[in-house]
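Each of the next two complexes has chain A plus one more chain, namely chain B in the first and chain C in the second.
Let's turn to the complex of A and B:
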């Protein structure tokens, strides 16, 4: 029984790390842009698809594919950031919802049109198990958790200690003052957006070998779960996002293990609606962001 | 801005344009009545689908255009309405208009308790919450197998039966569907017009324009929001009923984002807060893409581009273009 419990918690932390990596970008974009990115899961999908493409069609090894996928996705994010996201700086909230919803439709369906709507198998990854007493764990899962922790330490450093991070915090607090102080808001928005897209892509490539299937609609489900994570973590709060991701992951894994697999995907939304009702500021933030 | 440009127009021009728009409306109605004599059945099918989507679009228009909120839950209520209507027809053999009214009423009754917590949220939280309702609706439709038969869905939903008795009139031909649904669409559009031009409709507009001021003027804003949410869900339920009896199958696929997105595109693309805009929107965005046999993927890409276009270049949708066209027509008449 205890082993089962520990296994569920570990699976939850692995799944939660994946959510947290995607959510980190979304929460930072919300911070600087005051816009929920409804297309954020699509960058996760683009990352997985680019890796799948370079591995199966160009015979590139998995470690190199990780870098290529992140770079390809960031390249797409630069174009979208310049064309769409930068224009949203002064736009009302409906514009943000509609524009990102539109982007999500375009990206998702262009991928389906280009590569077909069928499920594809993701090759590669480090799937050899490691044994800790009774519990076995694939290397890939350990790597996901370690990479996530590393990324969050780096993000914390970026936000707290660097000029870019200072500018990001300034933009999220008061855009008018940024203009007065000569902070280039559009550049900060673009930088944050591209970084967020890259993290979502990284998350996609790293989970590819575990999820095995690759398909055009895979980003949508992740977007929906990410909402629960960013609301729990407190919108714009990077540190809270990691803990919130783990909470969601563990909750899902418990529901899947003890109640029923078919209810797993509803957990995120029950948490989301509950949080919005009871504590919309999230667990870790004091100030309401809406 | 729009209000200014209208008030700047000469009074004569406005009267002329109103006559023109009435004449245009009449002409469109006559064209729609005569359509089955001209169009082949595939094009009639396209128009029928757009008339089905018109009803949930009216409902969403009430939320977006008259209350100023953005909801993605319309597809969920559309799905609930289709299940209610299908189940009533299959289990009790009730005639079409009973199923139709029941679908709207039950959907509204389901929406009412959902609206109480949801409407306390603002902007993004409300949008995310309405999206959550779609996901939960899909989970219920998939997992409540004893009622909904899960992923298999319900097939063999009866075609619309008009009237009771041993040998009631049943709609089976595409032309029959066309006239029945046209009658329903015209009736519901008339009801919607009566609603938004009533004092209640003006109160809604007041809430959209300035909620605090509306509250200060003694408009019970909370009650209005709840009633609007319920009515808009009921409209979606009515549409779902039409959909179930037309396709004769119902499945959890109705809860896919495709439906919510299509309804959203009709309203925003046509022009939120404008009845003629939404009617034109349902024809342009549903009937035309249906008639051109555009595959769902290409249609979604097109919808995505339309959304971007709307956000950055055409914030009021097609309505200003329609009005300009009408103004030109009335100008040439003078």
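Let's turn to the complex of A and C:
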């Protein structure tokens, strides 16, 4: 029984790491823009699709494909950031909702028109299992957890120590003061958005081998799950996001393992409603800040 | 002035275009037969939809090349159900209202078909289902109520017992875990399976249903590994089978626990990425491309020629055959009116790839199912069984 508990916790941490990587970008974008990016899961999908494309059509190896996928997705994010996201700085809240929902539909359907609606099998990855007693895990899962921890350490450094990070925190706190001090808000927004898109793509391309299939609508489900994560972590709180991702992952894996797989997707929503009722600022802060 | 001129011109162009689109279909309506094809083209069952659409197109081209239906060419209209009942209903409503379709073939997913039945009934449009297996579709049709619903696909009623019998008697398995799709099809098949547990001395040790977009099965597989189950009963979606199979390999279940039921275990792509997990899998299906009859060899060869060597699956076959069935009924009725086709369908006898097709008083075709096992990466046919049922027993 204890072994089963440990196995379910490990399963949860792997799933939670994927959520946390996607949610990190979403929470940072919320920080600087005060807008929920409903299209965020689409960058996860674009990352996975880019990797699938370069591996199957251009015969590029998986490790190289990881970098290419992140770069391609960030390239797309630059274009969308310039055309759409930068304009949201001064726009009212509801414009952000409409614009990002619209983007989500456009990106999903562009992929479906270009590559067809069917599931594609994702090639590559490190799938040989490693055994810890009875429990076996593919290397890919271990890599996902390690990369996630690494990314969050780097993000913490970025936000606390670098000029860009300080600018991001400044924009999230007071845009008027930023203008007075000569901080280019649009540049900060674009930078944050592209970084967030890149992280979602990284999450997607790392998950591809274990989730096996790639399809146009795959980003939708993950967007919904990240809502629960960013609310639990505290909107705009990068550190809290990692812990919140793991909590959601473990809770889901317990529910799927001990109650029934059919209830898994409800976990995120139950947590979301509970958090909004009891502690809307998240577990880790009284006020939501970086 | 110029902008006023421009707007006047654009209004004129728009109204001309509008009048064309109103007039031409009305003219065209009399010399073509308009058939609606509903199938899931995006979402979790998109693989089924893609095959179904290719099968339907092949049949259309063959029938049109041979002179069409009573001299009229067939025109197909495509609806995407996404395997979601509301999407299926809106696409069939659109086909009826805008495309003036009077015969619809669809859907693959049972939940969608069940939702479409009352819609076509109210509209007086003929629905010939080609690929849903939930028994309720038939219970509600014909003398059961819906006069306009037919099904040219075997129902699940006997499948559950045949699969369970084979697993307990041939494979000597008594403990089973359930992992089916959370839909009318997946849950319905498990309800039927449970009826026969006592008869074959079988026991269900765990029961889970997955949502159509689920991609992480590790928590459930961890439980199944410890439950002592010898087989997983899966009535699921073909697109999810590769995910589960690969995660079974990773979790150390491959080779110890087999898959039984129906979720296209013979999909070559799934077998390629997880051969050990699918070896020994037992499935009961309406069709396999390996079916050894001259008629089937001819169909497989034509299909491969039309689609760059691709081998047809069960849905490509079912939509292709159902198109031909409808065309044959229209020819026999000497009319493409939906009411005439409907009346002919219930009395006619049609010679298909899987044998002679006649419809019972519930508008259900009597069709066999094929039981096969995956051995060394290839489906090996273990027999066929009759799917006809006695309605009074329920």
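Criterion: the second predicted complex is superposed on the first by the 287 of 290 C-alpha atoms of A that agree within 3 Å, B and C clash if a C-alpha of one lies under 4 Å from a C-alpha of the other, contacts with A are read in each partner's own complex, and residues count from 1 in each chain.
Just so we're on the same page, a contact is a pair of C-beta atoms (placed from the backbone, for glycine too) under 8 Å apart; a residue touches a chain by one contact, two chains touch by 3 or more.
Worth saying up front: this structure is predicted, and the values here are computed from it rather than measured.
Enquirer: Quick one: on chain A, after the overlay, do chain B and chain C clash, or do they fit? Just give me the call.
Expert: When both complexes are placed onto chain A, chain B and chain C end up clashing with one another.
Enquirer: Please indicate which partner A:112 is in contact with in the superposed arrangement: first for chain B, second for chain C, both, or neither.
Expert: The answer is both, since A:112 touches chain B and chain C.
Enquirer: After lining up the shared chain so the two structures overlap, which partner does A:102 touch, if you call chain B first and chain C second: first, second, both or neither?
Expert: The first partner, chain B, only.
Enquirer: Of the two partner chains, chain B (first) and chain C (second), which one does A:145 touch, if any: first, second, both, or neither?
Expert: Touch status of A:145: no partner.
Enquirer: Which of the two partners, first being chain B and second being chain C, lies in contact with A:269: first, second, both, or neither?
Expert: first
Enquirer: Touching A:94 in the superposition: chain B (first), chain C (second), both, neither?
Expert: So A:94 only meets chain B here.
Enquirer: Which partner chains sit in contact with A:277 here, chain B, chain C, both or neither? Use first/second/both/neither.
Expert: A:277: touches chain B, not chain C.
Enquirer: Check the residue A:213 against both partner chains and state whether it touches chain B (first), chain C (second), both, or neither.
Expert: After superposing on A, A:213 lies in contact with chain C but is clear of chain B.
Enquirer: Taking the superposition as given, does A:231 touch the first partner, chain B, the second, chain C, both, or neither?
Expert: first
Enquirer: Looking at the overlay, which bit of chain C runs into chain B, 5-13, 23-31, 113-121 or 365-373?
Expert: In the superposed model, chain C runs into chain B at 113-121.
Enquirer: Pick out the shared contact residues on chain A: the ones touching chain B in one complex and chain C in the other.
Expert: 112, 117, 220, 262, 265
Enquirer: Give the list of chain A residues in touch with chain C in this complex.
Expert: Residue positions touching the partner: 4, 7-8, 11-12, 14-15, 112, 116-119, 121, 127, 129, 134, 136-138, 210-213, 215-218, 220-221, 252-254, 256-258, 260-262, 264-265.
Enquirer: What residues of chain B sit close enough to touch chain A in their complex?
Expert: Contact set of chain B toward chain A: 70, 117, 120-125, 127-129, 131-132, 135-136, 139, 142-143, 257, 261, 264, 268, 297-298, 300-301, 303-308, 310-312.
Enquirer: Within their complex, state which residues of chain C touch chain A.
Expert: 41-44, 46-47, 49-50, 80, 179, 182, 207-211, 213-220, 222-223, 225-226, 239, 242-243, 246-247, 249-252, 269, 273
Enquirer: Mind listing the chain A positions that touch chain B in their complex?
Expert: Spelled out, the residues of chain A in touch with chain B are 36, 84, 87, 91, 93-95, 97-99, 101-106, 108-110, 112-113, 117, 220, 224, 227, 231, 262-263, 265-266, 269-270, 272-273, 276-277, 280, 290.
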